[in-house]
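Here's the structure we're looking at; comments come further down.
We just call them A, B, C and D in the order they show up, numbering each chain from 1.
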Amino acid sequence: MIIVLRAHASEEDIRRVEDIIKGIGLAAHISQGVERTIIGAIGDERKLAPDLFEGLPAVEKVLRVLSPYKLVSRDFQKEDTVIDVNGKKIGGPAIVLFAGPCSVEGKDMMLEIGGSVARSGAAFLRGGAFKPRTSPYAFQGLREEGLKYLAETRERTGLPVATELMDPRDIDIVARYADIIQIGARNMQNFRLLMEVGKLGKPVILKRGMSATIQELLMSAEYIASEGNREIILCERGIRTFETATRNTFDISAFPLLKSLTHLPVIADPSHAAGKASLVEPLAAAAIAAGADGLMIEVHNHPDKALSDGPQSLRPEVFEEMIARLQKVAEAVGRTL
Amino acid sequence: MIIVLRAHASEEDIRRVEDIIKGIGLAAHISQGVERTIIGAIGDERKLAPDLFEGLPAVEKVLRVLSPYKLVSRDFQKEDTVIDVNGKKIGGPAIVLFAGPCSVEGKDMMLEIGGSVARSGAAFLRGGAFKPRTSPYAFQGLREEGLKYLAETRERTGLPVATELMDPRDIDIVARYADIIQIGARNMQNFRLLMEVGKLGKPVILKRGMSATIQELLMSAEYIASEGNREIILCERGIRTFETATRNTFDISAFPLLKSLTHLPVIADPSHAAGKASLVEPLAAAAIAAGADGLMIEVHNHPDKALSDGPQSLRPEVFEEMIARLQKVAEAVGRTL
Amino acid sequence: MIIVLRAHASEEDIRRVEDIIKGIGLAAHISQGVERTIIGAIGDERKLAPDLFEGLPAVEKVLRVLSPYKLVSRDFQKEDTVIDVNGKKIGGPAIVLFAGPCSVEGKDMMLEIGGSVARSGAAFLRGGAFKPRTSPYAFQGLREEGLKYLAETRERTGLPVATELMDPRDIDIVARYADIIQIGARNMQNFRLLMEVGKLGKPVILKRGMSATIQELLMSAEYIASEGNREIILCERGIRTFETATRNTFDISAFPLLKSLTHLPVIADPSHAAGKASLVEPLAAAAIAAGADGLMIEVHNHPDKALSDGPQSLRPEVFEEMIARLQKVAEAVGRTL
Amino acid sequence: MIIVLRAHASEEDIRRVEDIIKGIGLAAHISQGVERTIIGAIGDERKLAPDLFEGLPAVEKVLRVLSPYKLVSRDFQKEDTVIDVNGKKIGGPAIVLFAGPCSVEGKDMMLEIGGSVARSGAAFLRGGAFKPRTSPYAFQGLREEGLKYLAETRERTGLPVATELMDPRDIDIVARYADIIQIGARNMQNFRLLMEVGKLGKPVILKRGMSATIQELLMSAEYIASEGNREIILCERGIRTFETATRNTFDISAFPLLKSLTHLPVIADPSHAAGKASLVEPLAAAAIAAGADGLMIEVHNHPDKALSDGPQSLRPEVFEEMIARLQKVAEAVGRTL
């Protein structure tokens, strides 16, 4: 950590910063420049919070040298994390497909959609039984009933199930039915929920919050990892910007950036980013080209009757055709789909 | 709700939109313009989700006429909601002060700070026992022990206590000690938590999420209100923008805007918005001038030893002097502090 | 245009809106809903500014039905605009490559880089002679001398030249040397400059401003088109968001969105979006996958000695290898590079 | 400047950075930490662009110690700059008022509005003769005719005139009529225009761009100052964020922040920030409370007939009443209005 003092900082100011650094067991390295005095803290910077210095009147700024996360960083683990779910690998050379409806709305629709996406090449089934909705008056999900339909669809199709957990009180029931637990964008900084899934023996999909930086996403992954669970799949689903022509702005740079900063797999959710069915294919193709390890796509047999997210859902036949085209893009970048 | 169809929409396309509107019990009103056909849904628009139409290929855009919230709107209740906590009124002509440390760090510090802010004119004590921290390695709060210190400080000072609830599993314990429950910015869309505090018989401070629109803040308040709890205090604490010179961008327009859209009291948290002690007073003065009903200020007896948020905390003597100056601003806009 | 009145608007309020609409030669269509009165303006909405109504106290909101641009819209022209520059086509099935240094720094470097990118498959040469720099103390470009080096490089390589115009006073001199005029992101709303290039008989590259919406980009293109010049190439180069890990956030959705809204070609500038050489290739591949009609890439023979934008410039040999890989992606989406 | 190298940087990597630093005449100071090597450049950092190092593969990040602006900084000049225009002082204890219509629409309206705002206490007249409009089809201003009406209004009222310059080609004509030249938000980074007004002997109002950081605003001021003109008035007018309930987000923190970083006066334009007349007064009051040195307010005698910005313009009588209330706020913070 580097602490820059204001012009004309006194000897006493310098001493005060030095004392804090030494008090935590690190060494202080003082460098008198022409216009400013700079103090470096030598040792494990992660023990120091910038807060400790920013409160001092003589301190102008504090600069981190290292990233605040560790277990999830490439520095800590060079090789890619590959997660095995019932023999299907996430984070390896093959790009994996999660497909299914936004919400589980009934048993028949799940079996129909599940059968269809399995035939088109999906590796995992997605579908929400607990739904975070902006309005208290909107459909909130079928809860345990929905989880049962997901499990039944898994039995018929062989597709492992990924579904969202919103509340720590539901963890046992969700974990009973799901193969992969999803933490939604609105819960990316629900730290108590992160700690709970960190204690679980199941892979977790962690979606990036609408206004979360890349670093905050990695810090939330670190929460899960620090509790013992290293099977974490990051998911880019768009961020909030001034642009209103799309629901969110899909941050395509997140793929190459995250792949350089962390060893964890990174997947894309183009459906939520776009908010429009017509944008799903171009964004999915872009994500593959930029290095995504997987795609999560909303598929619905009757998008215009969907209880949520109809506008961005694809019909099964559209999904199937899209996959055929996306396979070519995957091959062009040396991967399979 | 108004549905704008694409150029050259067919009779069948029009019929399809009409059917959905009528299916929900509303009337459809069709208007053929020169370049577009527009369909209005007449009746209680809140029954309709824009999603229902946005999925149709013939639909170009969908425009809401009414706000999606109801109970918290000025349309629903003209008079200001005034909340009474042990005889202290929030939302009336007097501007109320919440003061205290970011985190409860020990008993002595709480008694010292509590006594001091009580003498300076604070009406409520604030302090976190459960802390949402970006890093899993940072201080997470004293939990129940912290709540006890808050309660002891209340006994000594007479100041009612506001403290944060992060997890629905802690609701009983937090409600046992707190007079006002705070929902933090990161939990503004933790809908299950909102539903729980909606069933409680205690006032709730709802902080605006870092990337939440004014409308989303009101929708989250509607969640609480729809469960029965109408004692909701909204809190502006800064939003996330491209500007990095401040921790967050304090959205000063939120005060007059919210006061026109809702009957609920609206308070300001300039400490979190600014992230710097030197900005707290100008932002607090601005909030008062813009119509805030209260202020929430971080005060710490040793900011440079604070376990969290030291840089933005004021020393008790600085706080006291600031209050004297802010009282003049309050008087200038016809209120008291 | 649709004007929504506040609850309890009077007959007189309705009349006032009606009068404004009729005064401009449009018809007013009044619809009394349960909670609101809505007035539609029937006719060429582009004659009406929302401003005309938003000032009235009885007006709650004003909604546009049509886009405010016309000449550049797909509604106006169904077929793609294909621009021919010395026999090279922009906007057709082949994806075109603009390559060269950020700034023209000297004659030798231009000839070396120009020769190199020509051999690698670039169709156009890029390079700035007039440079918009954030600091007054930074290198501002070689001006006319730089334009001459660009022209000499064109003679040797056969590559037409695209270069930036910053000031209407330089239009004659820039137009004398350049084949394509570039309007930079900071000048996207320099309306007087847009009007000048609108009168020119040369193609224009219009870069999206850092905080410009898709609609504002199209309005700026409309400025150029309304003066008579229809040879406009739009360029996405990243927008400003809260994320600081990249210089800008590359808005990948802009490609499919713009291609649906306008008939103009749309190219990508991944170098400026990313700000890092290592991100250029993944973003370029993503842009191709998402439907871009061209790429603009910064290439420098000595990036670590570049007078501007060194960190995001590719060495010629890296550029050449990248092109070979990008060709596969182009083929995967049915195009050539 | 501090250069942080990647883990495992070689001796040669270190040497390379050192050579660049020494080549520019600064000293290099190398510090080997536990996980990273850090190199400090000692001397006048402003000679170094971070670009020089960011291009090297061994460099992880580059941190500035000093701000990139100098002449406009508080470090360079401790005392506030006070600008005298015909005996009226900007930047002193009195808060100054600029008032008038968005656009000059005719002679009679100017005389009427000018007379009225002069009586209400305005110190300066504002009004646009050259108008930057998003649409090419909107009213573009009366140009020289408008400037003449401004000058005539000055003769009658004694109010000096501030008006916008959009194009370097208009500088002579605008300078002939105006007392203060305004650079609009869209031109904040029109560097050639900044250089021209930098050579002028008249004060300049520099409006913050919609997506400009505080630092970029100061860099643009530095452009003007570096050409010799030190009479610069900064103006906060709202920034672009995700919030759509207001036209722009008024960045109230900019006032105390700018006052600490620069010696230049800082004024507020609440009309453009809000986009709604009802928000002008609360934002103006907030700006005064936060430390603004002046206000720029749009006043129109017939807002519903205004050719631009009607919704945010105040009627003269509303303006007059507002001023009376704002004077109390100014007094509360120890100033006059």
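The working rule: a residue touches a chain if its C-beta (ideal position, glycine included) is under 8 Å from a C-beta of that chain, and two chains touch if they have at least 3 such contacts.
Because the structure is predicted, anything quoted here is derived from the model rather than measured.
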item	value
More contacts between chains, B-C or B-D	B-D
Remotest chain, subunit C as reference, centres from CA atoms	B
Where subunit B and subunit D are represented by their mean Cα positions, the distance between them in whole Å	31
Between subunit B and subunit A, distance of the C-alpha-averaged centres to the nearest whole Å	26
Length of the line joining the C-alpha centres of subunit B and subunit C, rounded to whole Å	39
Of all residues in subunit D, the ones touching two or more other chains	211, 240-242, 244
Complex interface listing, subunit C residues touching subunit D	20, 46, 49, 51-52, 54-56, 68, 132-138, 166-169, 186-187, 189-192, 195, 209-211, 216, 219, 222-223, 226-227, 240, 276-277, 303-304, 306, 308-311, 313
Subunit B - residues contacting subunit D, complex	211, 213-215, 239, 241-246, 249-253, 255-257, 260, 273-274, 278-279, 282-283, 285-291, 325, 328-329, 331-333
List of subunit D residues in touch with subunit A within their complex	2, 4, 7, 29, 31, 33-36, 38, 40, 42-45, 63, 65-66, 75, 211, 240-242, 244
